[in-house]
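So that we are looking at the same thing, I have put the structure below in structure tokens.
Chains here go by letter, A, B, C and D, matching the order in which they are written, and residues are numbered from 1 within each.
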Amino acid sequence: MFKKVLIANRGEIAVRVAQTLREMGIIVVAVYSQPDRAAVHVACADEAYPLEGETAAETYLRGDKIIAIAKSHGVDAIHPGYGFLSENPEFAEACVKAGITFIGPNADVMRATGNKIVAKKTLEKAGVPVVPGWSGEGGFDAKGIANEAKKIGYPVLVKAASGGGGKGMRVVTSEKDLAGSLEAARREAKSAFGDATVFLEKFLERPRHIEFQIFGDSHGNVVHMFERECSIQRRHQKIVEETPSPALSDDLRKRMGEAAVAAAKAVNYTNAGTVEFLLDESGKFYFLEINTRLQVEHPVTEMTLRYDLVRAQVLVALGESLPFTQDELTPDGHAVEVRIYAEDSASGFLPSTGTIACYVPPAGVNIRVDSGVKQGSEVTVFYDPMLAKLICFGRTRGEAMERLALALDNFVVLGVTTNIEFLRNLIDHPDFLAGDIHTGFLEEHSIAATRAGRDEAPPMPDEVLIAAAVALRENGRSVSRAGQHGHAATLTDAPWRSADAWRGA
Amino acid sequence: MFKKVLIANRGEIAVRVAQTLREMGIIVVAVYSQPDRAAVHVACADEAYPLEGETAAETYLRGDKIIAIAKSHGVDAIHPGYGFLSENPEFAEACVKAGITFIGPNADVMRATGNKIVAKKTLEKAGVPVVPGWSGEGGFDAKGIANEAKKIGYPVLVKAASGGGGKGMRVVTSEKDLAGSLEAARREAKSAFGDATVFLEKFLERPRHIEFQIFGDSHGNVVHMFERECSIQRRHQKIVEETPSPALSDDLRKRMGEAAVAAAKAVNYTNAGTVEFLLDESGKFYFLEINTRLQVEHPVTEMTLRYDLVRAQVLVALGESLPFTQDELTPDGHAVEVRIYAEDSASGFLPSTGTIACYVPPAGVNIRVDSGVKQGSEVTVFYDPMLAKLICFGRTRGEAMERLALALDNFVVLGVTTNIEFLRNLIDHPDFLAGDIHTGFLEEHSIAATRAGRDEAPPMPDEVLIAAAVALRENGRSVSRAGQHGHAATLTDAPWRSADAWRGA
Amino acid sequence: MQKFRLQPAGAAEPVAVSLERADSDRDQRDAYVARIGEASIPVEVERTGPGAGWLKVGSKVHRYHVLIRDGEAHVWLDGAIHIIDVVDRTRRRGGSAATVGPVDRIVAPMPGTVLKINVSPGDTFDAHQPLVIIESMKMEMTLSAPTAGTVKDVRCKVGELVPLGTVLVALDVAEADDAS
Amino acid sequence: MQKFRLQPAGAAEPVAVSLERADSDRDQRDAYVARIGEASIPVEVERTGPGAGWLKVGSKVHRYHVLIRDGEAHVWLDGAIHIIDVVDRTRRRGGSAATVGPVDRIVAPMPGTVLKINVSPGDTFDAHQPLVIIESMKMEMTLSAPTAGTVKDVRCKVGELVPLGTVLVALDVAEADDAS
């Protein structure tokens, strides 16, 4: 067993990974940037080392600094979380070189999957269905490409080979827009990923995003851990994830699961990963990409399969066999996750920053909250504005959604604008409740950003004014007590006023 | 569906029941005694009505007051929780008479199981093994009883027919103590339960307490929901409960489950209940009693079977069929619950009262905390001193215990003495970890009440003194700010200083 | 008794709200009468923390959390947040609320890093011409000219971190309109 | 700089503990030097609430919650509670800590209700004779005489609610010892 593991990450995922490591009796080492000096993930560690700097590039992306810390403090292994260095083959290699186990797939796997064109070709050969398209072969010849696009059939999608998160991606609906869009996509891809290579894909109408959790070990065992439906996205980022998918029949689930395992085997996959598919309205599915990390949305899989994926990651990294066989994996019930973001759903989901003056997550039976913040936390521009994930389990999809609705109604965040009320409105939408969703759902349907913004919303209750008056009165009292501090130093603004958000770590 | 349900209870069970009811879209009505005016269970309700008085006898045991509130406010059904009125057949009948559904078994079932002698006879006829003993038949004739005791074989146990919780119970090891013990037990039983009837049972050495969750509906369906091992007890009260039991083979589990179903059917059981057995060291099991309520320890069953028992209670009370068949019930993994009590484990588990100045329960993956208190709550002499239940799930017993250990290490309660560190030491005991437990475990083994009280405990770290100095310094600052209030009004003593303990309800 | 003048978002007029401690035969009971305009509403208040607790109006229970900041009360009640102007305070502070949607400047609509600046002082531009690109977290945003005009001043640098509402470029749109 | 005299339970002598703000090139950094007796320990402190937060000593992180009450600091650190006498304060207050284990009175060992009183003033009793029965929550407890003696005074009534530490019966054990 590892004696000491460093978590090269921050926020909720660092907190969540720390819980499992500490349960396993492993000493947890945190690293932190300057703005994260007082962050929750530091308090969940046994040891913590600063990374000088503020931006991700200066801190959590600095593999050299992190490996230096690991080496000088007796760290056996590094868990990268998601994002940052988690899919960086150079970092994975540097860890190995330094004699430190990287908890994740090896650099070869990352390279085989990191380039989408290469990955697509490999998997096509392995018999995994891929989206019809043009791979970029034959170079950048305008006329040839136009022919390819015609063959595929409009609308087509221009995508960056090294891309992700929607960058360098463009929908082209007719031939006259093709040349301009290609040019723009190449420019964007070059600037974002340092690689101008783009390729074409058939643009699917109203597709669903269905992904399969996969897990491999170093003994050649590979399993899939069933699907997650992640079709509800804004700005190409998932905000609601659930399992099982309301769209999959047992037969389709079986075929997609087998394709996911074939994909994983084709690249000799080890440790935890995800095979993403698009599912079109006719029930055809197409390979999209492989993510070589623990996903943000892994908790819904943990909820229905009841295996701790981080624990399994550690065991596999130690060279052990997978702690489960395909036959032992029988999902049970329904799980749904929503991502709580500091953002303004009313203004194009723009990130919101500031101090979290009040943070009271819900708790209860079959409710899990993975938080990266606490009361008093600063939400800065430096990192992703996801504050927490709220995950609910139910025997049925309906029960899970009822639970989620009540949990959202009890999730209190004041000080930064969040998408909590937006999510609450979203899960009330009849099409969502019916499971009739696709990746364009949020463009197709207009969801109010606040409870009060709903059409059927009642007028503001008097109790709101009463609550305001109660707080102002209390505030007034504290003013007269505090004397010289004036009402700027109100109790209600004190960032440290409440219990911290200790989690199980 | 019920529109409005009243919860005739307080504390963690009222909070937990409220969550499910609200998820189901039911309006939740709370009742509260004077000392509970600011209790958590009130805040979890949609409506709340006071019960004048302080003691349980004046408030939560006053069925007449509660039914009057229910009738005048349009309540459809009453959930009794556990304790208080939950096993009172007169109250169940009065509900029915008032046109209100009682969420639990009917009065006939309660009467058939309430008297232990009657229950034992009924079940013996139904083929359920019972502890060898003398039922009290033939009246109180000293010589006859002595003969019966001899037949049973010493040591024998004298028990009250209407008893519970260890009252009116005595172990007699030889004939010379029999007469005196009988006399004392009868006196105690008369004063505690208004019924002096006692009976004899063989006293089992190092027995395990194993109970089966049962559930019946009004259509004649009865299932068992597998076992809970509750052998770790102090003062005849459970403090650690787990499922599955480390002592049961598949075959034994099957036979005990069948016996539990036979017992339930013999009394026409409806709704949720528990059949308690003793299991002796040779693997023989004996019926002990039937509890006609949702048990304190029901969460471990919810964790491994993943059905919401309160939801099932509501559905069955509505006249629906059980939402599961015996075949659909396949437990998964391991769950353990510990009860967090305000008590001093160092002084015979004496209850501790006062204000909870600091309350930070743990949270995390596969950790559930059912709390009845929050920071600022008063623990009074009026009610049971259980503050919360901490429940952990793991793939294996070992994983569940690792999780529980970390969760206990992160459970902060200051202001009243609790058994948290005692429990933490207890689950470290090698016999406990080996699953080698019985109802006399805590008498047999000496468990330190605090972490520092352990033999191998390290000396007090300097960090303790530093933390004290940090707090005193901060306190000093707040004193000088608050001026006239002096250091009595320290921040660290303010009962309202932190986020409340909102749960999912 | 304290009286507050509160103006809910969208309301035409502020409302006078006051709280009076109600006569009560029980000690320590937080019983009040709230006066909202002409109405009197008896209310019980249980505090669980600074600015947090629950109200009982009649038998109905409402949970609340309130943040008071910059002359506003952010009131979370039963799952929804309402923002209310505390009118008297706002006045005392001289109305510090930022005005919205100026057309004579390009303002950062989110906190972020300046990626690219397409113009220099004195440049003219057309309506909808991209002037500045900023990035925050995973999102890139192009800020375009509202109308045609001339650049008066560039107030940011590439790579600079800018808070929400920072003026990035000052525009001269009136002159440009005249000139065109 | 503030200095405290702290006496851990069981320690022979109080320890002088002080905290000094450390020189630091970074603003807002809660860096201190703790002096415990002769030792100097650099420590960083992050507060998460009143009396709560974490300490970093070297690279080691320790979570703490502290309650200060009645001249004692109840320190929760990493899962264990330590009770420390704040010596200076205790002195100022004149040492209000209750003495333990008096033999000249029967004291309520838990808060509860008096169920039964077996004696009246003037009664004599033997060692171990049950004098009072009290009940709290689900538990009943018989309080017996420590030695033989005479009842001086009965200070409770059946049915009375008594807090922890209440003197229920005053005893005259010295006289009884002489008399026996």
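Side notes on the structure shown:
The rule is short, and it goes like this: contacts are C-beta pairs under 8 Å (C-beta built on N, C-alpha and C of every residue); 3 or more make two chains touch, one makes a residue touch a chain.
It should be emphasised that the depicted structure is a prediction, and the values quoted were computed from it without experimental measurement.
With B-D and B-C as the two chain pairs, more C-beta contacts join B-D. Between subunit B and subunit C, the centres computed from C-alpha atoms are 49 Å apart.
Annotation: 29 Å between the Cα-based centres of subunit A and subunit C.
Each of the following residues of subunit D touches two or more other chains: 47, 49-50, 52-53. In subunit B, 358, 360, 375, 410, 412, 497-500, 502 are the positions where the chain touches two or more neighbouring chains simultaneously. If you sketch which chains touch which, the pattern fits none of the simple shapes: not an open path, not a single ring, not a star, and not all-to-all. The list of touching chain pairs reads A-B, A-C, A-D, B-C, B-D.
Within the complex, the subunit B residues that touch subunit C are 30, 37-38, 42-43, 45-49, 73, 374-376, 496-500, 502.
The touching residues of subunit A, counted against subunit B in their complex, run 16, 19-20, 22-25, 299, 302, 306-308, 311, 323, 332-333, 358-360, 362-370, 375, 393, 395, 399, 402-403, 405-407, 410, 412, 481-483, 485, 497-505.
Contacts from subunit D toward subunit B in the complex involve residues 2, 4, 6, 8, 15, 17-19, 32, 34, 36, 39, 41, 43, 45, 47, 49-53, 55, 57, 62, 64-69, 73-82, 84, 86, 109-113, 136-140, 161, 163-164.
Those residues of subunit B whose C-beta lies close enough to touch subunit D in the complex are 165, 167, 235, 237, 347, 350-353, 357-358, 360, 380-381, 383-385, 408-410, 412, 414-415, 421, 424, 450-452, 460-476, 478, 490-494, 497-498. Residues 29, 46-50, 52-54, 56, 59-61, 63 of subunit D touch subunit A in their complex.
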